[in-house]
Each structure stands twice: as C-alpha cells, then as structure tokens.
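Note that subunit A is present in both complexes that follow, paired respectively with subunit B and with subunit C.
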Partner chain A sequence: MSDTTDAAGRIISADGRPLKSSLNRALRREKLRALALIAPLLIFVLITFIAPIADMLFRSVENDIVSNTMPRTVASLRDWDSTSGEVPGAGVFESAYFDLAVAAQKKLHSQLGTRLNYELTGMSSMFRRTGRRMDDVGEVYMDQFAALDQAWESPEVWAAMIGDADWLASEKAWAKAQNPGTPPPAFEVKEGAQAALPLTAALYKDFAAYLRLNDGDSPTQEEPWPVFYAALYTDLINRPDAATAFSGADAQRLQTSAAAVTNFEAVDYKAAFVKADDGWGQVNTWATIKAFSPKYTPGYFLNAVDMQKTPQGISAQPESQQIYILLFKRTLFLSLTIMFSCIALGYPVAWLLANLPARSANLLLILVLLPFWTSLLVRTSAWKVLLQQQGVINDTLVWIGLVNDTDRLVLINNQFGTIVAMTHILLPFMILPLYSVMKTIPPSYLRAAKSLGATNWTAFWRVYFPQSVPGIGAGSILVFILSIGYYITPELVGGTTGTFISNRIAYHISSSLNWGLAAALGTILLVVVLALYWAYDRIVGIDNVKLGG
Partner chain B sequence: MSGLPPYASTGQRIWYYAFRVICGLIFFFLIAPILTIIPLSFNAEDFFTFTPGMLAFEADAYSLKHYQDFLTSPDWQAALRNSLSIAPVATLLSVSFGTLAAIGLSQDHVPFRRAIMAILISPMIVPLIISAAGMYFFYSRIGLQGTYVGVVLAHAALGIPFVIITVTATLVGFDRSLTRASASMGANPVTTFFKVQMPLILPGVISGGLFAFITSFDEVVVVLFVGSAAQKTLPWQMFIGLREQISPTILAVATILVAISVVLLTVVELLRRRSERLRGMSPG
Partner chain C sequence: MTFSRLSILSITATIAAAPLAVAQDMANSMTIISWGGAYQVSQTKAYFEPYQKLHPEVKIITDESSNEAVAKLRAMNEAGNITWDLVDVTAADAMRLCDEGLALEYDPDELLADAPDGTPASEDFGDLIVSDCFIPQIVYSITFGYRSDVAEWNGKEPDDICDVFDLKTFPGQRSLEKRPINNMEWALLCDGVAKEDIYDVLATNEGQDRAFAKLDTIKDSVVWWSAGADTPQLLADGEVVIGSTYNGRLFSVIVEQNQPVKMLWDAQVYDLDGWIIPTGLPADRLARVKDFVYFATDTQRLADQAAYISYGPARASSAPLVGKHADLGIDMAPHMPTDPANATNTFLQNYEWWADYRDDLDAKFQAWLAK
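Moving on to the complex of A and B:
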C-alpha cells in the first residue's frame, strides 16, 4: 500500500496531500461556509440590537456635557479645592464667562443647567437666568471698542483679521455663487492670529463652525458675538504687542486698540455672575460643577439606588426623593406574586393536561394557546373592561347583590389590577413548560407508590412533585424574567401603586428627559434579567425554549 | 386521572370532581376575558358592559357601529395601514436573514456556536423596555429615530429569535444525506437549497415567519419610542385609546385581532403537524 502512505508514514488522500491536512482543509472550508451563512444576520443583529444596548450602557455613565460646554471652567477649577470653603477666584469666573457666553449663543446653557439640576436643585433656573445676562457683559467692551473704531462692528473686518487668506478667497467665491443648500467653506485661522490673539481666535473659530453647521451661514455675514470684544480685551491686555503679527489696517487698528484698552472700563466677572444669580456666590454650586466635570460619572447609578454624589462624597438622597429602592422592591414583590399565582394556577391545569387522553388534552390546550397567541393589548383591554368600576365584574357583583351599587370595588389602577391582568397574560408561559415536563413523568410511578401503601398525598408529594420541579423552575424563571420587564400592562391597569421600574424608565426617557438615569435603571434591570437568564440556561438549556407547544 | 376507578372511595370521588371544577375555573379565567369582549364589541351603546337589552338578546341592542367606526375613522385606518406596511417588511427581513443563519448554525463545525446563538436570541430575552430605550438612544444618534426604516429594522431584530428557534428546530430532523444526494446528481448549492432543503424546512420557516409577523404586528413598546406619529401602528393606537379615553372601537379592533390570532394559531398548528409527518416523527 505504498501509494496511500508517504515517506513519513502518513496516509495520503487521492490528490496526493496528507489525509490529515486534507481533512483539516475541508473542515476549515465547512466552518467558513457556516460562518458566511451566519454573518449577515449576526452583523444585522449587532447593528440593530446590540449596538443600541451598548449605547444605553455607555449613556448610563457618560457625562461629557459639563466638560464639553464649559471646557475652560473645568480646566481652571482643577486647581480649586472644593473643601476650602471659599468661592473660586476671579480666574475661574472669567473662564466661566467665556464658556457660558458661547453656550448661551449656541443655546446649550439650558441643557447644561438641566443636567446639573439633577444633582443640585436650582441649577436649571440659575443657568437660564445667567445665560440671558451674558451678552450685557460683552456689550460693555463692544461699546468701548466701537467708540474707538467703528470698524470693530463690521463682520468682514473680523473675518479678514482672524480668517486665513485662502479661506477668505474661497468664502468670497461661495458668497458669489449664491448656491442655497451648499455650506460655506470650513473656516481656517490665519497663521499668527492664533498665537497673537489665542482666546479671540479660539472663540471665533467656534463661532464660524457653529454658523456653518447650524445655519449654513458664513461668519462674514453674521454680526460678531459680543463675547469677542471681551476676549479681544483680555488678549490685548495679556499681549500688548499682538499687532505685530498682523499687517495693514488690522495691525493699525490693533495697535491703537492695544494702547487704549488699558484705560477701558473693565468688567468684574464675579460681580456680574453674582448679580445675575446669587447661586454663583455659593461654594456648593462650584463644588457640584467640579464634582461632575469628569467625562464619566457613577452619578446616575447612585441616583438609581437612591444615593447621590455630592462634593463631600457619596450620601443617601433626602428621604423625600427616595423612590427607586421602593420601586425595585415593588417590582420584585409584584413579579414574585405573579410568579406564585402562575404556579398555583398553572400546576393543576398542566397536571390535568398531562394526564388526559391525547385528544381531549389537545382540545384543552387550545384554551391555553389562544390567550398566548392573542395580542397583549387585546388581553389588557379585556381586563380594563372587566375590572372597571362600571365594568362587567362589578356589574355582576352588584346584580348578584354581593356589592352595593354605591360602593363598587376598586379593582383597577392598583396592584390588584396589575397582578390579575399579568397573571392572566403570563399563565401560558407557566403551563407550557410544566406540561412538557409532566408529560414525561410515567403515571406508573404514582400507581407503584400507591400499591406500596402510600396515601394519595404522599405519592404525589414524594414521587410526582420532585419530578415536576424542573418544569416549575423553568416556568417560574420564564414568568419572572418576563414580568420584571413589563411595561404596557402596568402602565394601563397599574395606576400609581401598581407600576414597575420599567414605567419609571419610560417616564425618564419621554417626560423628564433624564436619559442618563433611564439608562442606569435600564442597566440594572438588564443585569438582573441576564443573571436570571444565565440561571435558566443552566437549569433548562437555551435550546429547550419551546414556542406554543 | 384518566378515569375514576370503580373502587374509588367517596373522598376520592369528591376530590376527583373538585379537582376538575378547579381546573375548569382556571380555564374559565384564561379564556373568559377574551370571550367577553367579543359580544361587547357589538354593543349598540357606547358602554363597556352588558346593557339590559343585550342580556335580553334584543336585536336592536346589538349593532356593528363600532366596526363601522373602525373602518371609517382616519386614525384607525392610518394605524392599520402602518401596521400592514411595517410588519410584512420586518418579517421578510427576519425570515431571510434568519433562515440563512439557522442553516449555518445547524452545520457540524461552527466556531463560537454558543456565543453566536446567545447574541441572536438576545432580542427575545432582553426586556422590551430596555430594547426600546437602547434603540431610542442609538437610533436618534444615527438619525433613524422616528423613521419608517428605523421601526422596520427594530421589529426585524425582535422577530429574529423566533425565526432562528423554529427553523433550527426543523433542521434538527433534516437528513443531510439528501443534500449530498442532490449534489452527487449534479445540482449546485442554490438548486439544492431551493429544490431539496427548502421544501422540507418550509413549515418551520413559515411558522417562524408567522411568529415574527405577530411579534411586529402586536409590538407596541419599541414602536412607541422608535417611531413617530407617522408610524403609529394599530397596537399604538389601542394603547393611546386605553390610556386616554377608552372608546368601544377598541373592542371591535380587539375582536378582529382575536379572529386573526385564531387563524394564525390554526395555521401554525397545521404546519407543525405537517412538519412532524414529513420528518416521520409521528404517524400523522
């Protein structure tokens, strides 16, 4: 058989390769083919589903709004000690002015105020009030510069002074073309202007980028923001020789302005801030801004468990604002109640189904499957109709005479409504796994137990029940997982006392707009569900998920 | 419990019948709410309870006016149109991607099979409110929030686990030598797929598709967040109706949906039997 083995004694396949590598190649090809079939769906699910979940996890710790909106303030607060008991110095107020003046022009200051208001009440109105006053501060300098030289009020002068020559040329071409819809060319700072007037150039760049992105406008046509004059003042005070970096009329104007600014009336930023809102004079305000300046924060998670991050460290929320632990407990309690109701109602039915002849069992199974297949909203509306005060159940009770017409039972918009409706909705999820487990238990075991002298109860409890425990476990975990994430039914029949943590998540997404907190609550819920699911996989196995019998 | 033995004692007899009564009550609890809304939807009044006339079976206490309202109201018609334009497209997406992937997953040597399966099944495991929150955040980042495409993609993702589960279950009983036989007779993989494999796994594909369809058709949480008013579906309209002023039209819609569920349930059951018969798992 020399033609099927090579010199080293390895078996050779028909094409002359060693059999082992040939087999490996075939296996590899098969693997690749399988992966190629799976890949489209995997990519689809990763983009449409996994990425959103990852985004939610990210949002639960993301906190870049403070450092994005107030970058200079965050940088200057780094040296300030929030435990010193003193309000930060003039430098911080100056940075805060430039940050907030820009933010107010972009209308971002109220968003920041809303964000910080989650941490310290009153921040929202403070930021809104202060944002309105920012232009007044800049106008003090604007008037003085304009009195010195009228040219300072012209948008073209500013653009020519700070903008790069190439950019100016392409901007002119764009303005001439009058092509609506095409954005103006991207702004570029003139070489030298950045070094000579750093603050002014940075703010102007921001201004040009903002106009381009939001209005499709060019800075040559828009009035300069008042904050530029304050920036120019600061730059000229710091660098009296800034004019040397420029040429022509710009150099001339800057030269005279640099000489004049030393006699300008200067603004006390701190006084201006405190005048706009007293809050700026309090240490706590600044400590909160400093505490929430990092890009990531555990703050939302702390809020989700009724704690808060304060400048002094982590502490419990004031008692009046502690609701989340209560909501988690309630979600747990209601889910457990629903789970046990499902076991109590599902066990006898599954037992009956498993022990009836196949024909009648299949017929009765339809009664279980029909609710399972019926729209969730149909079942919820049915319960709403039944449980209302003027509904079918109350009417029947009044008709029988059990209840007086004047004091009808309150069956809906409370925990009772949620428990009844959700037990009904989730009962098939308990019956189906129980039924499939019970069908495999041979009835002869019970007969054997009885023939050996066991009573009915002993036979059931010692022989039958232990064998049905896997079914109870599978059904319970399934019902529990499904119920702790329920939203629609509690929302419609739960009123205020029968709602779940999901309802709070929805509230934060659509009403209070505190997305970070919604994401943190969602993350906690997700972790609980995944842990339970892991347990389910260990006990039942993922491949044993059965759908509709 | 398949019958009471003739020697049963009185206690056993009482227990036997009591147990049946208890089970009967539980079945009543399961089915009665759904059956109650059907006659109520023919109420001639705008009430949510049986009027004396209805209980006396007077003909003029019943009417089709709520159905007429459903068929003529622009809100409900727009909702129906939206549902019918979203669910089929989402189903098509999940079935086509899902069937391919299920075939891939059923091969012998799939690396990371468990991890891949966990990812593909995850839309069914993660609570809807969390999926909805994540999709709302992410889709508004990439400009899909409030668009038709966004809702279709979201619903397709939610339907995928059902397709994967039903199709892989069908493939378990699929005899792989059939594809080899087909290949040995000169059929290329595409022909083999459509002429040999597909007809045999079709029942699984169709019931997976029905599950995906009903998932999208009944879904309300995700569409509430990912959709905008222009994507208002039938369940969304029902949700609004139930939360605000509940109008009896909802009961007419609910009855129609129950009828649809009965049809779908029958189809799935028939398909399941057919599939078992084809695979020789039961004598039929």
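Moving on to the complex of A and C:
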C-alpha cells in the first residue's frame, strides 16, 4: 500500500505523480488535440461571424462621437448644472468654438449634428450652419495678426515656431525626396512651445496629424487653419511672457504680438454662436449635449423600448412616437401564429409523406420541395397576384357571386397577407423535420395499439403523436426563429399592420442611418430569441428535438 | 484599425503610383452605382456607351444599389475599402453623404464643363447645386397619376391635388409613399395652409397633428408604397385609382405601355438626382472618374438623356436641346416636369428642413401608420 499512496493518502501512479493529476494531464492533452482539430472552423466562425456581430451589437451603447468631437466642451460642461435654467457661461462657448472650428475643418461637425439630431430635432442643421461660420470667427483674429506681421500667414513660420527641430529636419528631407507614396514624418511639438502656447500647440498637433493621415501632406505646405489665430490670441492673453520660451525671430514676433493683442478686437464667442444659430442660446441644446457626453449611453436601448433619455432623466416617449414595443409584440404574435399554422398544415402532409407507398411519397416530396427551391421573391410576388383586390382569389369570389364587386376582400397589405405568405414560405421547414421523425416510427406500433382495442383516435393520440413530438419541436424552433427575423416578405405584403421589427431595423440600417438604435433593437431581438430557446429547453427539453431518425 | 487602414492605403497608393506614372494616371475600370430600371438604361445610352466609344480601354461596371448607397458607403468607409467610383443619389442623400464626409467636395467650375456659350458650370447649374458634393444631373418630380377609366367618378377627372383627399367625388384606393416626406406637405396644403407657410406649420406639434388628421381621412383607402415601381403596377392592375410616384415611371406607364392613366401634375414636388464621388479614392481612379464626370455632365450629354426618359436636364443650357424620344419619336418637352404647362403649381423639397425633422417625423409617421 505504501508505494501506491503518498503521505496525504492520494493514489500515486507509476511515475510517482498523484494519479488524479496525471489523469487530468492526459485528458487535457486529449482536449487540446480535439480543440486543434476544430480550431480552423472555430477561428473562421469567430472572425467572420461572432466578431462582426459583437462589433455591431456594441454600437448599441457606444457614444464616443460627442466626447471625441467636442472634448473641450464636454470637459467644461462638467461644471454646468443643466437644471439651472441658464445657458452655460462664456468659457463653455469658447471651448465649443475651438472644438467646432477644428471639427468643421475635419468635416466631423455634421456627423455630430446627425447623431444629436436623433435626440433633439434641429441639431443637424444647427451644427451644419455653425460649422460654416466658424472660419469667420478665426479670421477676425487672423486679419489682426496678419496686419501686425505678414509672417503670421506663412505655413513655414508656424511649423518652425511649434515644430520640434528634429521633426523639421526630417520633414525637409521628406519634402526633398518627393516620394508621393510615403507619408510625411509624424509631427513633434517643440518642448517649450507646448508649455508656453498650450492651446495653439494642441490644435496645431491635431492639424498636422489630420493632414498626414488624410492627404499625406505636411503642415509646412498647407495654409494654417483660421482657428490657430484665435488660439494664439487666447494663449498670449493668458501668458503674456510666452515669448521667453522661444528664440530668434519667433521670440521677437511673439513679443510684439503679445504686446499688441491686448488692443485687439476680441470676439464674443457666445454672440457669434447665437448669431450662427439661435439654438445655441437655448438651455435644452446644451443640456442635450451634456446628457449625451459620456462615452457609453443607454439612450439607444431606451429608445428601443419606447423610452427616452432626456436632460431631466429617463421618461417614456410621447405616445405619438411609441412604436417599438408594439412591433416587438406584433412580431412575437405573428411568428407564433405562423408557427402554429405551419404545424396545422404541415402535420398531415408529413404523415402522408411518411405513410404513403414510396413512389407516391416521392412525388409528394417533390411537390413540397419545388416551392422550397423557388426564389423567395417569386413566391412572395405570386401571393401578391393571388391576394390583391383585383387578384385571382377576389376575381373568383366575385365571379361565383360570394363577394360583391364593390367590396372586394382585403387580403393583402395587412397581417393576413403576411401570415398566409410566410406560412407558405416556411412550411417546408416544418414538414421536413416532421417527415424524418415520422419515418422512424414503426407502423406496427399503431397496429399493435388497435389490436389491443384502441380506437383510431386513441391509437394516434396515445401512441403515434407522442413519438412525433420531437419533430414538432424541431420544426417549431426552425419556423419560429426564422420568422421572427423575417424581413422581405412582410415588407412586400405586410402593408402597415403586418410588418415586423426587422423591417424597422432594416430601415434604421439603410435609411435613417441610426445604427445605434438598429443595434439596440437587434440585441433585444437576439436576447428574446435566446430567452425563448432557454424556456423551451426548460419546458420541453432540447434533447427531445430531432431533425432526423 | 486606423494604422492598418493607413498602411493599406499607402501600400495601394505606392503600387498604383508606380506603373501609372508613365501612362495617363487613369484607372481603366470604373464602378458606377445607379438606380437600375429605365433610368439606368437612359444613363447607359446617353453617358456610358458614348464614353466607352471615346475610350474603348475603359471598362464600366454598374450596380443598382443607389437605394442604400448611403449605408453601404458608410460601411465601406469604416472597412477602409471603397469599391465604388461614382454614385447616383438623390440630393437629400448627397447632403447626408457630404455631412458624413463620405462624398467629395468639388469645385463646379473646375470639374464640370462650361456651357457651349461659355457660361461657367456653376451658373449653368445655378442653385441646383444644393450641396458642395452634389453634381446635379436631372430634375424629376414626385406627382400623382390617376386612371382615366373609373366608372364611379361619373366622367370627372381630378385636376387638383386636394382631389386625392376627396373620397366622395373620387372614390377608390390611393397609393402614397410610406414616409412622411411630401405626404405631410400635401396634407397641410389641402387642409388650407398657404404654400409658403407649410414648413413653419409643420415644425409645430399642432401642425403635425393637423397633417396626420388630414391623412386620417383617407388612411383606410391607402396602399403604402416603398419602391418607385409599386404605384405604376398598382395603377396598371387597377388596384389603386390615384397614386404618387416619380414622373418618369408614370411616363412609361402612359406612353410606353399605353395604360389608361393620366398625370395630375398639380403640386408636384421637384427633387434632384445627381452624382457624388466617394472620398478616399486612389489618385488614378479619381482621375478617371473626374474625366468621366466632365464628359457626362456637359450640355449635350444631359440633353441626350432626356431622349430616353422624361426627366429634365439639370443644366439651363440643355433645355433647348431636348428633342424627341429615341424610340417612339414623340416630343419629350411636354412630358418634362419643368414644362411650363405642367409647372403651374410646384414645390421644391426643402432639404434642410427635412434633414432636421426626418428622424422625429418619421418616428411619428410610423407610429401613426401602425395605429
């Protein structure tokens, strides 16, 4: 005994290790080998399927556009109380000017406007209009600096003043090489410039990085943005001794400019903003920007359940805009209806298929599969021709005399149309699993039940039906999950009352471009499907689902 | 991501730049996106084929994705791989693409040809250049067509936009577009709002309620369309008796298919369609596209397109050159939305206003529809 157990009483294997751990090791190796076998598929699925979906779903909370486009404004709005009822002070407007002037140069301001327009109507044109006016503001200072010293208009002067000496040298070498394929060297700020002219240096850095990335251009060749002059003015007012950090011509120019700026005509940023668009004078505008300034927002999810995030907190959408809960309910209701219609229609067909002699069963199977192989659009359009008011069914009913010519039945562009067309389209997904399960039920069971005295109904209900339930389960899951995300058929035949949530998701993806809301709706739909699947597993048991024998 | 996009860009730029520095620096293939159908055929006949005759080495690949061009361009931009060279979009979409930085801003007088009499392009196109990125091509309109053989109308025919809302005199199903744009304006107009006040009224909650209330009066008799081909089909089938759609679609129902349908024209809403060049194209492809656009938007070419479809050319100098239909030989001028006889009462879509109110009103409109 002593040589097969250790001091703690664990069983030891031949190589002296505890048996448990060496068993684990062997199993782990086995598992790793199995994993290596499925690795190609796993990696493929992860990269092409899971990752894009995760990325898309992540958009439902992502909101960094506000803080990325207006970082200074977001920071200075932190101290402003949106319930105070007063528009923020001059400091916020100044930050907003520097943010928006840069954003307008990079053409990012209108994207932000589009984003905020989802929350407050009018933001889109406000940002577009304001962005156009931002250069005028900077030009006020630009003209004054240029009048003082012509050199302020030269790109090289700016680059030499703010750029690091090493960077300047490598930039010169790059410009000389004239190689259009390579981007210019990355910009470096001169050590002293950053401390002496913080705002100007920061904006200039932005400018250089933007040029490099977008046009492959160097700041030494591009006209400086007008906003630099406003920044320089602000820096020189705040730090009149900024020139001491520089040397040579830069120092002299800054010295004279610092002395002159106190007499410059200053811009009232607030007035300039309100003049560009009077929306800037309203508390609600700023409150909305503040409310949507964090990097992540629950706003899209709230919208997806007919709520909204307002500066005053979370509240329900006005009744005239509530639609998503209704659509979710309708999608579930219609999907369930379609699923049950498929069971009701598919069960007898599958029974026939499984019990007819092989030759007629094959013919019948082709009849089931033929529409299955036909294009979805063709089948949907065929239903249009059949169901419309001047269509085949109505014409026949009028001809028979069942329906008056003036009040023909409305069979399409409503829920009925969606249910009929989708039941037809999804029917094979019910019939095929049912058929493959029924095929494996030996007919002798039914005969045995009857010979023991069961009526036809009892024999079917007590003996045959329970054995076909796994097929119903598989077919139902297939039909239900397919129909819950169906898009094209409800779009074509659903009118206004027969459309699904997926039609709204498609609208937000391709028309309104509100991808955040589309992602939130999609996430909710995914969670609902998973929850139903889980519930199904708990109630019926997923082991009871069979797609075949 | 930014890094890899940059390096891919610079690599492609290097590869592309090397051999082409000798040649004319123009790519020999171009992917052009348009709307498909009769409209794209007219572009093929008037622009693509003549251009290829001049430049046999150029291959033009076409696609019919204009409907979702904004979304697809945005996705391409995020992936850092722009596969389209030129895209045909409506003016409203061009503005959005411009806003998002997805369309190239251009200088009309540099990119586009002067008129034959030397008028610079910027004047020749005039205020139809509604966005810095939009290269106008045609003026079309959204208007109503009606069946001229409805027995219940007792020989009367609609001649006023408000007849669309008059179910007593003109009973029958209507078809309207499944979005608020235009429908709201028409509803307010027929509710007694003066044309110049419509957008002011529509900006208020009461005004929107008023428009919905007016639309409520016909809601039960409306089939809502989302594709331009729906209304012509519905009219031809007799499913609806009046319906709105693009005037070119109605033209082909009336003239080419000889259906008993007539144009209402009253309160037609002008809209513009044109080209945008995506941003981020490599230099050789950009050069080719610019060359093509210069060719395809000159005075004669724009007038040529009107020989295949009843949309008005966007250049003032093209109008006098509009001739006869290429196959049918009929005069095209009377079928143009801009013809004085058709243009007695017109609207120009207010793009700026809708850019602001689209999200809000669309949510309300869909909620109203679902009720």
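As a convention for this text, the second predicted complex is superposed on the first by the 394 of 549 C-alpha atoms of A that agree within 3 Å, B and C clash if a C-alpha of one lies under 4 Å from a C-alpha of the other, contacts with A are read in each partner's own complex, and residues count from 1 in each chain.
Here is the rule we use: a contact is a pair of C-beta atoms (placed from the backbone, for glycine too) under 8 Å apart; a residue touches a chain by one contact, two chains touch by 3 or more.
Since this is a predicted model, take the numbers as computed values, not measurements.
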{"item": "Partner chain in contact with A:P348 - subunit B first, subunit C second, else both or neither", "value": "first"}
{"item": "Which superposed partner A:G181 touches (first subunit B, second subunit C, both, neither)", "value": "second"}
{"item": "Subunit B versus subunit C as contact partner of A:N117, first or second or both or neither", "value": "second"}
{"item": "First, second, both or neither for A:L513, with subunit B first and subunit C second", "value": "second"}
{"item": "Touching partner for A:T83 - first (subunit B), second (subunit C), both, neither", "value": "neither"}
{"item": "Subunit A residues touched - subunit C or subunit B, whichever exceeds", "value": "B"}
{"item": "Partner chain in contact with A:E491 - subunit B first, subunit C second, else both or neither", "value": "both"}
{"item": "Which superposed partner A:S320 touches (first subunit B, second subunit C, both, neither)", "value": "second"}
{"item": "Which of subunit B and subunit C A:Q388 touches, first, second, both or neither", "value": "both"}
{"item": "Contacts of A:N263 with subunit B and subunit C, given as first, second, both or neither", "value": "neither"}
{"item": "Overlap of the subunit B and subunit C footprints on subunit A, listed as residue numbers", "value": "388, 390, 491, 509-510"}
{"item": "In the complex with subunit C, residue positions of subunit A that touch it", "value": "106-108, 110-111, 113-114, 117-118, 121-125, 128, 180-183, 213, 216, 320-323, 326-327, 388-390, 413, 491, 495-497, 499, 504, 509-514"}
{"item": "Residue ranges of subunit A touching subunit B (in the complex, touch as defined)", "value": "27, 30-31, 33-38, 40-42, 44-46, 48-56, 59, 345, 348-349, 351-352, 355-357, 364, 366-371, 373-386, 388, 390-392, 395, 424, 427-428, 456, 481-482, 484-488, 491-492, 502, 505-506, 509-510, 515, 518-519, 522, 525-526, 529-530, 533, 542-543, 545, 547-548"}
{"item": "Parts of subunit C lying in touch with subunit A, wherever the complex brings them together", "value": "2, 6, 10, 13-14, 17, 67-68, 70-71, 74, 96, 98-101, 173, 178, 223-224, 226, 237-239, 352-353, 355-360, 362-364, 366-370"}
{"item": "Parts of subunit B lying in touch with subunit A, wherever the complex brings them together", "value": "1-2, 12, 15, 19-20, 22-23, 26-27, 29-31, 33-34, 36-37, 40, 47-50, 93, 97-98, 100-101, 103-105, 107-111, 116-123, 125-139, 141, 153-154, 156-157, 160, 162, 165-166, 168, 211, 214, 217-218, 220-221, 225, 235, 238-239, 242-243, 246, 250-251, 254, 257-258, 261-262, 264-265, 268"}
